[in-house]
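Here you go, one structure.
As written, the chains take the letters A, B, C, D, E and F, and residue 1 is the first residue of each chain.
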Amino acid sequence: MPIVTITITREGSGPGRSAATAEEKAALIKGASQLLLDVLNKPLDATFVVINEVELENFGWGGLPVPEFRRQQQAKKA
Amino acid sequence: MPIVTITITREGSGPGRSAATAEEKAALIKGASQLLLDVLNKPLDATFVVINEVELENFGWGGLPVPEFRRQQQAKKA
Amino acid sequence: MPIVTITITREGSGPGRSAATAEEKAALIKGASQLLLDVLNKPLDATFVVINEVELENFGWGGLPVPEFRRQQQAKKA
Amino acid sequence: MPIVTITITREGSGPGRSAATAEEKAALIKGASQLLLDVLNKPLDATFVVINEVELENFGWGGLPVPEFRRQQQAKKA
Amino acid sequence: MPIVTITITREGSGPGRSAATAEEKAALIKGASQLLLDVLNKPLDATFVVINEVELENFGWGGLPVPEFRRQQQAKKA
Amino acid sequence: MPIVTITITREGSGPGRSAATAEEKAALIKGASQLLLDVLNKPLDATFVVINEVELENFGWGGLPVPEFRRQQQAKKA
(Lines give C-alpha, C1' and ligand atoms only; values in the text may rest on other atoms or scores of the structure.)
Protein backbone atom coordinates (compact mmCIF):
# COMPACT_ATOMS: atom_id res chain seq x y z
CA MET A 1 0.00 0.00 0.00
CA PRO A 2 2.82 2.47 -0.34
CA ILE A 3 2.00 5.91 -1.68
CA VAL A 4 4.87 7.84 -3.23
CA THR A 5 4.34 11.53 -3.91
CA ILE A 6 6.96 13.24 -6.05
CA THR A 7 6.78 17.03 -6.03
CA ILE A 8 8.79 18.68 -8.80
CA THR A 9 8.92 22.10 -10.38
CA ARG A 10 7.19 22.45 -13.75
CA GLU A 11 10.16 22.97 -16.07
CA GLY A 12 11.93 21.06 -18.78
CA SER A 13 15.00 18.89 -18.18
CA GLY A 14 16.59 20.24 -21.37
CA PRO A 15 16.35 22.87 -24.09
CA GLY A 16 12.99 23.23 -25.81
CA ARG A 17 11.08 21.58 -22.96
CA SER A 18 8.80 23.35 -20.53
CA ALA A 19 7.90 20.42 -18.32
CA ALA A 20 8.79 16.83 -17.55
CA THR A 21 7.90 14.66 -20.55
CA ALA A 22 5.53 11.70 -20.44
CA GLU A 23 8.56 9.41 -20.75
CA GLU A 24 10.27 11.03 -17.78
CA LYS A 25 7.10 10.72 -15.71
CA ALA A 26 6.78 7.05 -16.68
CA ALA A 27 10.40 6.53 -15.60
CA LEU A 28 9.71 8.16 -12.21
CA ILE A 29 6.65 5.96 -11.71
CA LYS A 30 8.50 2.81 -12.71
CA GLY A 31 11.56 3.60 -10.60
CA ALA A 32 9.64 4.55 -7.48
CA SER A 33 7.46 1.44 -7.64
CA GLN A 34 10.48 -0.78 -8.25
CA LEU A 35 12.26 0.80 -5.26
CA LEU A 36 9.44 -0.22 -2.93
CA LEU A 37 9.54 -3.73 -4.37
CA ASP A 38 13.32 -3.99 -3.99
CA VAL A 39 13.59 -2.53 -0.50
CA LEU A 40 10.37 -3.55 1.25
CA ASN A 41 9.11 -6.33 -1.00
CA LYS A 42 5.92 -4.44 -1.86
CA PRO A 43 4.23 -5.79 -5.02
CA LEU A 44 4.11 -3.29 -7.89
CA ASP A 45 0.30 -3.45 -7.88
CA ALA A 46 0.22 -2.27 -4.25
CA THR A 47 2.02 1.03 -4.87
CA PHE A 48 0.48 4.32 -6.01
CA VAL A 49 2.70 7.11 -7.33
CA VAL A 50 1.54 10.72 -7.68
CA ILE A 51 3.63 13.30 -9.51
CA ASN A 52 2.84 16.80 -8.33
CA GLU A 53 4.10 19.56 -10.66
CA VAL A 54 4.52 23.00 -9.10
CA GLU A 55 5.00 26.27 -10.96
CA LEU A 56 8.45 27.76 -10.40
CA GLU A 57 7.06 30.87 -8.72
CA ASN A 58 5.15 28.62 -6.27
CA PHE A 59 8.30 26.89 -5.03
CA GLY A 60 10.60 28.56 -2.54
CA TRP A 61 14.14 27.83 -1.43
CA GLY A 62 16.46 30.03 0.62
CA GLY A 63 13.55 32.35 1.38
CA LEU A 64 13.12 33.14 -2.33
CA PRO A 65 11.06 31.89 -5.27
CA VAL A 66 13.20 29.33 -7.10
CA PRO A 67 14.01 31.51 -10.15
CA GLU A 68 15.46 34.22 -7.88
CA PHE A 69 17.22 31.68 -5.68
CA ARG A 70 18.98 30.28 -8.73
CA ARG A 71 20.03 33.72 -9.94
CA GLN A 72 21.44 34.43 -6.50
CA GLN A 73 23.33 31.11 -6.46
CA GLN A 74 24.74 31.80 -9.94
CA ALA A 75 25.86 35.27 -8.86
CA LYS A 76 27.68 33.79 -5.86
CA LYS A 77 29.64 31.46 -8.09
CA ALA A 78 30.58 34.18 -10.57
CA MET B 1 -10.44 20.60 12.63
CA PRO B 2 -10.34 17.62 10.30
CA ILE B 3 -8.74 18.10 6.92
CA VAL B 4 -9.79 15.67 4.21
CA THR B 5 -7.71 15.58 1.03
CA ILE B 6 -9.18 13.65 -1.88
CA THR B 7 -6.73 12.94 -4.70
CA ILE B 8 -8.39 11.81 -7.92
CA THR B 9 -7.35 11.52 -11.55
CA ARG B 10 -8.62 14.25 -13.84
CA GLU B 11 -11.07 12.35 -16.01
CA GLY B 12 -14.81 12.21 -16.53
CA SER B 13 -17.07 9.72 -14.77
CA GLY B 14 -19.04 9.19 -18.00
CA PRO B 15 -19.10 9.86 -21.74
CA GLY B 16 -18.51 13.44 -22.83
CA ARG B 17 -16.85 14.44 -19.56
CA SER B 18 -13.18 15.17 -19.11
CA ALA B 19 -13.15 15.82 -15.38
CA ALA B 20 -15.26 15.53 -12.27
CA THR B 21 -18.20 17.94 -12.49
CA ALA B 22 -18.94 20.71 -10.01
CA GLU B 23 -21.87 18.60 -8.77
CA GLU B 24 -19.66 15.58 -8.18
CA LYS B 25 -17.15 17.72 -6.32
CA ALA B 26 -19.91 19.20 -4.17
CA ALA B 27 -21.06 15.65 -3.39
CA LEU B 28 -17.54 14.63 -2.33
CA ILE B 29 -17.26 17.69 -0.09
CA LYS B 30 -20.67 17.10 1.47
CA GLY B 31 -20.11 13.38 1.96
CA ALA B 32 -16.64 13.72 3.47
CA SER B 33 -17.76 16.43 5.89
CA GLN B 34 -20.83 14.44 6.90
CA LEU B 35 -18.66 11.37 7.51
CA LEU B 36 -16.55 13.25 10.05
CA LEU B 37 -19.71 14.49 11.73
CA ASP B 38 -21.26 11.01 11.86
CA VAL B 39 -18.17 9.11 13.02
CA LEU B 40 -16.27 11.59 15.21
CA ASN B 41 -18.94 14.18 15.93
CA LYS B 42 -16.96 16.96 14.23
CA PRO B 43 -19.13 19.98 13.32
CA LEU B 44 -19.42 20.60 9.56
CA ASP B 45 -17.88 24.06 10.04
CA ALA B 46 -14.72 22.51 11.51
CA THR B 47 -13.87 20.37 8.48
CA PHE B 48 -11.90 21.44 5.42
CA VAL B 49 -11.99 19.33 2.26
CA VAL B 50 -9.48 19.70 -0.58
CA ILE B 51 -9.98 17.94 -3.91
CA ASN B 52 -6.69 17.41 -5.70
CA GLU B 53 -7.06 16.54 -9.39
CA VAL B 54 -4.08 14.80 -10.99
CA GLU B 55 -3.46 14.31 -14.72
CA LEU B 56 -3.67 10.68 -15.77
CA GLU B 57 -0.04 10.60 -16.87
CA ASN B 58 1.00 11.89 -13.42
CA PHE B 59 -0.61 8.99 -11.58
CA GLY B 60 1.06 5.60 -11.42
CA TRP B 61 -0.19 2.17 -10.45
CA GLY B 62 1.52 -1.19 -10.92
CA GLY B 63 4.70 0.62 -11.94
CA LEU B 64 2.95 2.23 -14.93
CA PRO B 65 1.13 5.46 -15.72
CA VAL B 66 -2.58 4.81 -15.18
CA PRO B 67 -3.58 4.74 -18.89
CA GLU B 68 -1.04 1.98 -19.56
CA PHE B 69 -1.91 0.13 -16.38
CA ARG B 70 -5.55 0.01 -17.46
CA ARG B 71 -4.67 -1.25 -20.94
CA GLN B 72 -2.60 -3.99 -19.34
CA GLN B 73 -5.43 -4.94 -16.98
CA GLN B 74 -7.91 -5.04 -19.89
CA ALA B 75 -5.54 -7.24 -21.90
CA LYS B 76 -5.27 -9.68 -18.98
CA LYS B 77 -9.04 -10.08 -18.86
CA ALA B 78 -9.38 -10.62 -22.62
CA MET C 1 -6.93 5.23 -7.77
CA PRO C 2 -8.31 7.79 -5.34
CA ILE C 3 -6.26 8.56 -2.26
CA VAL C 4 -8.16 9.99 0.69
CA THR C 5 -6.12 11.47 3.52
CA ILE C 6 -8.00 12.27 6.71
CA THR C 7 -6.10 14.44 9.17
CA ILE C 8 -7.61 14.50 12.65
CA THR C 9 -6.45 15.53 16.09
CA ARG C 10 -5.46 12.70 18.42
CA GLU C 11 -8.21 12.85 21.01
CA GLY C 12 -11.15 10.73 22.07
CA SER C 13 -14.68 11.26 20.79
CA GLY C 14 -16.07 10.68 24.29
CA PRO C 15 -15.17 10.30 27.98
CA GLY C 16 -12.39 7.85 28.80
CA ARG C 17 -10.99 7.87 25.28
CA SER C 18 -7.74 9.48 24.25
CA ALA C 19 -7.85 8.78 20.52
CA ALA C 20 -10.14 7.59 17.77
CA THR C 21 -10.97 3.92 18.31
CA ALA C 22 -10.24 1.15 15.82
CA GLU C 23 -13.98 1.00 15.12
CA GLU C 24 -14.15 4.71 14.37
CA LYS C 25 -11.16 4.44 12.06
CA ALA C 26 -12.75 1.49 10.27
CA ALA C 27 -15.92 3.57 9.83
CA LEU C 28 -13.92 6.46 8.34
CA ILE C 29 -12.18 4.08 5.93
CA LYS C 30 -15.44 2.41 4.91
CA GLY C 31 -17.32 5.68 4.52
CA ALA C 32 -14.62 7.44 2.51
CA SER C 33 -14.19 4.49 0.15
CA GLN C 34 -17.95 4.16 -0.30
CA LEU C 35 -18.18 7.90 -1.07
CA LEU C 36 -15.76 7.55 -3.99
CA LEU C 37 -17.75 4.57 -5.25
CA ASP C 38 -21.07 6.41 -4.97
CA VAL C 39 -19.98 9.72 -6.48
CA LEU C 40 -17.31 8.78 -9.04
CA ASN C 41 -17.94 5.07 -9.50
CA LYS C 42 -14.47 4.15 -8.23
CA PRO C 43 -14.22 0.46 -7.16
CA LEU C 44 -13.53 -0.02 -3.45
CA ASP C 45 -10.31 -1.87 -4.30
CA ALA C 46 -8.98 1.19 -6.15
CA THR C 47 -9.15 3.56 -3.17
CA PHE C 48 -6.51 4.04 -0.49
CA VAL C 49 -7.40 5.84 2.76
CA VAL C 50 -4.80 7.20 5.17
CA ILE C 51 -5.76 8.47 8.61
CA ASN C 52 -3.24 10.95 9.94
CA GLU C 53 -3.50 11.62 13.68
CA VAL C 54 -1.99 14.87 14.92
CA GLU C 55 -1.24 15.79 18.53
CA LEU C 56 -3.45 18.62 19.78
CA GLU C 57 -0.48 20.94 20.35
CA ASN C 58 0.59 20.36 16.73
CA PHE C 59 -2.68 21.61 15.28
CA GLY C 60 -3.43 25.31 15.02
CA TRP C 61 -6.62 27.25 14.42
CA GLY C 62 -7.23 30.96 14.85
CA GLY C 63 -3.50 31.48 15.28
CA LEU C 64 -3.45 29.30 18.40
CA PRO C 65 -2.82 25.67 19.30
CA VAL C 66 -6.21 23.92 19.34
CA PRO C 67 -6.49 23.58 23.15
CA GLU C 68 -6.06 27.33 23.57
CA PHE C 69 -8.32 28.11 20.65
CA ARG C 70 -11.10 26.07 22.26
CA ARG C 71 -10.65 27.77 25.62
CA GLN C 72 -10.91 31.13 23.88
CA GLN C 73 -14.05 30.06 22.00
CA GLN C 74 -15.62 28.80 25.25
CA ALA C 75 -14.79 32.06 26.99
CA LYS C 76 -16.48 34.04 24.20
CA LYS C 77 -19.69 32.09 24.64
CA ALA C 78 -19.71 32.45 28.43
CA MET D 1 15.12 20.60 6.34
CA PRO D 2 11.70 22.05 7.04
CA ILE D 3 9.09 21.78 4.32
CA VAL D 4 6.25 24.29 4.47
CA THR D 5 3.22 23.64 2.28
CA ILE D 6 0.74 26.48 1.96
CA THR D 7 -2.59 25.50 0.43
CA ILE D 8 -4.70 28.47 -0.70
CA THR D 9 -7.69 28.96 -2.94
CA ARG D 10 -6.96 30.34 -6.40
CA GLU D 11 -8.50 33.80 -6.17
CA GLY D 12 -7.33 37.36 -6.06
CA SER D 13 -6.76 39.30 -2.86
CA GLY D 14 -8.37 42.37 -4.38
CA PRO D 15 -10.39 43.71 -7.34
CA GLY D 16 -9.11 42.81 -10.80
CA ARG D 17 -7.06 39.87 -9.56
CA SER D 18 -7.88 36.23 -10.14
CA ALA D 19 -5.05 34.65 -8.19
CA ALA D 20 -2.28 35.45 -5.74
CA THR D 21 0.32 37.63 -7.45
CA ALA D 22 3.99 36.74 -7.83
CA GLU D 23 4.76 39.39 -5.19
CA GLU D 24 2.31 37.86 -2.72
CA LYS D 25 3.78 34.41 -3.33
CA ALA D 26 7.30 35.74 -2.79
CA ALA D 27 6.10 37.29 0.48
CA LEU D 28 4.65 33.97 1.63
CA ILE D 29 7.90 32.18 0.78
CA LYS D 30 10.02 34.78 2.54
CA GLY D 31 7.79 34.92 5.61
CA ALA D 32 7.50 31.17 6.04
CA SER D 33 11.25 30.64 5.69
CA GLN D 34 12.00 33.48 8.11
CA LEU D 35 9.55 31.97 10.61
CA LEU D 36 11.49 28.70 10.69
CA LEU D 37 14.72 30.64 11.15
CA ASP D 38 13.30 32.76 13.97
CA VAL D 39 11.56 29.97 15.89
CA LEU D 40 13.71 26.89 15.29
CA ASN D 41 16.96 28.40 14.06
CA LYS D 42 16.71 26.67 10.68
CA PRO D 43 18.92 28.28 8.01
CA LEU D 44 16.97 29.82 5.10
CA ASP D 45 18.75 27.47 2.69
CA ALA D 46 17.42 24.43 4.54
CA THR D 47 13.74 25.28 4.09
CA PHE D 48 11.53 24.43 1.09
CA VAL D 49 8.18 26.18 0.63
CA VAL D 50 5.49 24.90 -1.71
CA ILE D 51 2.42 27.00 -2.53
CA ASN D 52 -0.49 24.84 -3.59
CA GLU D 53 -3.31 26.75 -5.32
CA VAL D 54 -6.71 25.08 -5.32
CA GLU D 55 -9.70 26.02 -7.46
CA LEU D 56 -12.56 27.44 -5.39
CA GLU D 57 -14.90 24.60 -6.37
CA ASN D 58 -12.29 22.08 -5.16
CA PHE D 59 -12.19 23.48 -1.65
CA GLY D 60 -14.90 22.68 0.87
CA TRP D 61 -15.86 24.20 4.18
CA GLY D 62 -19.00 23.61 6.23
CA GLY D 63 -19.91 20.71 3.93
CA LEU D 64 -20.10 23.04 0.92
CA PRO D 65 -17.85 24.27 -1.86
CA VAL D 66 -16.30 27.53 -0.71
CA PRO D 67 -18.36 29.85 -2.99
CA GLU D 68 -21.61 28.43 -1.59
CA PHE D 69 -20.28 28.44 1.96
CA ARG D 70 -19.50 32.14 1.65
CA ARG D 71 -22.95 32.93 0.26
CA GLN D 72 -24.50 31.06 3.17
CA GLN D 73 -22.33 32.97 5.68
CA GLN D 74 -23.25 36.29 4.07
CA ALA D 75 -26.94 35.41 4.20
CA LYS D 76 -26.68 34.61 7.92
CA LYS D 77 -25.23 38.05 8.62
CA ALA D 78 -27.87 39.85 6.58
CA MET E 1 14.07 20.96 -5.26
CA PRO E 2 12.15 17.72 -5.55
CA ILE E 3 10.32 16.48 -2.47
CA VAL E 4 9.58 12.77 -2.33
CA THR E 5 7.13 11.56 0.30
CA ILE E 6 6.95 7.82 0.85
CA THR E 7 3.97 6.66 2.90
CA ILE E 8 4.24 3.10 4.17
CA THR E 9 2.53 1.00 6.81
CA ARG E 10 4.45 0.50 10.04
CA GLU E 11 5.26 -3.20 9.88
CA GLY E 12 8.33 -5.33 9.43
CA SER E 13 9.48 -6.67 6.08
CA GLY E 14 10.30 -10.03 7.68
CA PRO E 15 9.95 -12.16 10.83
CA GLY E 16 10.91 -10.50 14.10
CA ARG E 17 10.57 -6.99 12.73
CA SER E 18 7.81 -4.56 13.59
CA ALA E 19 8.80 -1.69 11.31
CA ALA E 20 11.09 -0.77 8.46
CA THR E 21 14.70 -0.87 9.66
CA ALA E 22 17.10 2.07 9.55
CA GLU E 23 18.90 0.30 6.68
CA GLU E 24 15.70 -0.06 4.68
CA LYS E 25 14.88 3.60 5.25
CA ALA E 26 18.36 4.62 4.14
CA ALA E 27 17.88 2.50 1.00
CA LEU E 28 14.56 4.22 0.24
CA ILE E 29 16.16 7.66 0.70
CA LYS E 30 19.14 6.76 -1.48
CA GLY E 31 17.05 5.17 -4.20
CA ALA E 32 14.50 7.95 -4.40
CA SER E 33 17.16 10.65 -4.56
CA GLN E 34 19.10 8.71 -7.20
CA LEU E 35 15.91 8.32 -9.26
CA LEU E 36 15.46 12.09 -9.46
CA LEU E 37 19.09 12.47 -10.47
CA ASP E 38 18.84 9.80 -13.16
CA VAL E 39 15.53 10.88 -14.66
CA LEU E 40 15.44 14.65 -14.24
CA ASN E 41 19.08 15.45 -13.55
CA LYS E 42 18.35 16.86 -10.10
CA PRO E 43 21.44 17.03 -7.86
CA LEU E 44 21.25 14.78 -4.77
CA ASP E 45 21.59 17.84 -2.54
CA ALA E 46 18.45 19.35 -4.03
CA THR E 47 16.12 16.50 -3.09
CA PHE E 48 14.32 16.00 0.22
CA VAL E 49 12.81 12.61 1.09
CA VAL E 50 10.25 12.11 3.86
CA ILE E 51 9.22 8.63 5.01
CA ASN E 52 5.80 8.66 6.59
CA GLU E 53 4.99 5.53 8.62
CA VAL E 54 1.30 4.82 9.20
CA GLU E 55 -0.15 2.36 11.70
CA LEU E 56 -1.86 -0.59 10.00
CA GLU E 57 -5.27 0.31 11.45
CA ASN E 58 -4.89 3.83 10.00
CA PHE E 59 -4.48 2.59 6.44
CA GLY E 60 -7.47 1.49 4.39
CA TRP E 61 -7.79 -0.47 1.17
CA GLY E 62 -10.90 -1.99 -0.35
CA GLY E 63 -13.02 -0.12 2.18
CA LEU E 64 -11.34 -1.95 5.08
CA PRO E 65 -8.42 -1.42 7.45
CA VAL E 66 -5.42 -3.17 5.91
CA PRO E 67 -5.31 -6.14 8.36
CA GLU E 68 -8.92 -7.02 7.50
CA PHE E 69 -8.38 -6.40 3.80
CA ARG E 70 -5.49 -8.88 3.81
CA ARG E 71 -7.52 -11.50 5.65
CA GLN E 72 -10.27 -11.09 3.07
CA GLN E 73 -7.80 -11.41 0.19
CA GLN E 74 -6.28 -14.55 1.74
CA ALA E 75 -9.73 -16.08 2.20
CA LYS E 76 -10.53 -15.46 -1.48
CA LYS E 77 -7.44 -17.36 -2.56
CA ALA E 78 -8.11 -20.30 -0.24
CA MET F 1 -9.31 28.57 4.20
CA PRO F 2 -5.55 28.33 3.99
CA ILE F 3 -3.92 25.15 5.27
CA VAL F 4 -0.30 25.43 6.29
CA THR F 5 1.61 22.19 6.86
CA ILE F 6 5.02 22.51 8.50
CA THR F 7 7.16 19.38 8.33
CA ILE F 8 10.13 19.41 10.69
CA THR F 9 12.51 16.82 12.07
CA ARG F 10 11.86 15.70 15.64
CA GLU F 11 14.85 17.16 17.46
CA GLY F 12 15.50 19.87 19.98
CA SER F 13 16.50 23.41 19.06
CA GLY F 14 19.01 23.47 21.89
CA PRO F 15 20.81 21.38 24.53
CA GLY F 16 18.62 19.14 26.68
CA ARG F 17 15.72 19.19 24.21
CA SER F 18 14.67 16.27 22.06
CA ALA F 19 11.84 17.93 20.15
CA ALA F 20 10.28 21.30 19.43
CA THR F 21 8.72 22.66 22.62
CA ALA F 22 5.07 23.56 23.01
CA GLU F 23 6.11 27.24 22.98
CA GLU F 24 7.99 26.83 19.71
CA LYS F 25 5.01 25.09 18.16
CA ALA F 26 2.70 27.85 19.33
CA ALA F 27 5.06 30.39 17.76
CA LEU F 28 5.02 28.51 14.44
CA ILE F 29 1.21 28.40 14.50
CA LYS F 30 0.92 32.07 15.37
CA GLY F 31 3.50 33.16 12.81
CA ALA F 32 2.10 31.11 9.95
CA SER F 33 -1.45 32.29 10.58
CA GLN F 34 -0.34 35.91 10.86
CA LEU F 35 1.57 35.57 7.57
CA LEU F 36 -1.60 34.57 5.72
CA LEU F 37 -3.41 37.50 7.30
CA ASP F 38 -0.67 39.97 6.40
CA VAL F 39 -0.08 38.80 2.82
CA LEU F 40 -3.48 37.58 1.62
CA ASN F 41 -5.81 39.16 4.16
CA LYS F 42 -7.05 35.78 5.40
CA PRO F 43 -8.74 35.98 8.83
CA LEU F 44 -6.91 34.06 11.56
CA ASP F 45 -9.98 31.89 12.11
CA ALA F 46 -9.87 30.71 8.49
CA THR F 47 -6.38 29.21 8.66
CA PHE F 48 -5.44 25.72 9.83
CA VAL F 49 -1.83 24.89 10.69
CA VAL F 50 -0.53 21.34 11.02
CA ILE F 51 2.94 20.63 12.40
CA ASN F 52 4.26 17.29 11.18
CA GLU F 53 7.24 15.97 13.17
CA VAL F 54 9.41 13.42 11.39
CA GLU F 55 12.04 11.17 12.99
CA LEU F 56 15.57 12.05 11.88
CA GLU F 57 16.09 8.65 10.26
CA ASN F 58 12.90 9.18 8.23
CA PHE F 59 14.14 12.38 6.63
CA GLY F 60 16.60 12.32 3.76
CA TRP F 61 18.78 14.98 2.16
CA GLY F 62 21.62 14.53 -0.28
CA GLY F 63 20.63 10.88 -0.71
CA LEU F 64 21.30 10.17 2.97
CA PRO F 65 19.36 10.08 6.22
CA VAL F 66 19.76 13.50 7.85
CA PRO F 67 22.16 12.40 10.64
CA GLU F 68 24.59 11.00 8.05
CA PHE F 69 24.13 13.97 5.76
CA ARG F 70 25.10 16.30 8.58
CA ARG F 71 28.18 14.27 9.45
CA GLN F 72 29.21 14.39 5.81
CA GLN F 73 28.68 18.17 5.67
CA GLN F 74 30.71 18.64 8.87
CA ALA F 75 33.52 16.50 7.49
CA LYS F 76 33.65 18.63 4.33
CA LYS F 77 34.10 21.78 6.37
CA ALA F 78 36.83 20.28 8.55
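Miscellaneous remarks
Just so we're on the same page, contacts are C-beta pairs under 8 Å (C-beta built on N, C-alpha and C of every residue); 3 or more make two chains touch, one makes a residue touch a chain.
By chain, UniProt protein names: A, B, C, D, E, F = 4-oxalocrotonate tautomerase family protein.
Since the structure is predicted, the reported quantities are computational estimates derived from the model, not experimental observations.
With steps allowed only between chains in touch, the distance from chain C over to chain D comes to 2.
Listed options B-C, B-F or A-B contain a single repeat of the A-D interface, assigned here to A-B, on the basis that more than half of the contact pairs agree by residue number. Set against one another, D-E and E-F show the most C-beta pairs in contact at E-F. The chain with its CA mean position farthest from that of chain D is E.
Judged by shared residue numbers over all numbers used at their interface, chain A and chain B contact each other through mostly different positions, with under half in common. Taking each chain's centre as the mean of its C-alpha atoms, chain C lies 22 Å from chain F. Computed centre separation for the pair chain B/chain E is 21 angstrom, with centres defined by C-alpha atoms. If you average the CA atoms of chain D and of chain F, the two centres end up 18 Å from each other.
Inter-chain centre distance (chain A to chain C, centres taken as mean C-alpha positions): 29 Å.
Shown for chain D are the residues that touch two or more other chains, namely 1, 3, 7, 28, 32, 48, 50, 59, 61.
Chain pairs that touch, as defined above: A-B, A-C, A-D, A-E, B-C, B-D, B-F, C-E, C-F, D-E, D-F, E-F. Interface residues of chain D, counted against chain A in their complex, comprise 22, 25-26, 28-30, 32-34, 44-45, 47-53. Per the touch definition, chain D reaches chain B in the complex via residues 7, 54, 57-65, 68.
Interface residues of chain D facing chain E in the complex, by the touch rule stated above, are 1, 3, 48, 50.
On the chain F side of its complex with chain D, the touching residues are 1-9, 13, 20, 24, 27-28, 31-32, 35-36, 38-42, 59, 61, 66.
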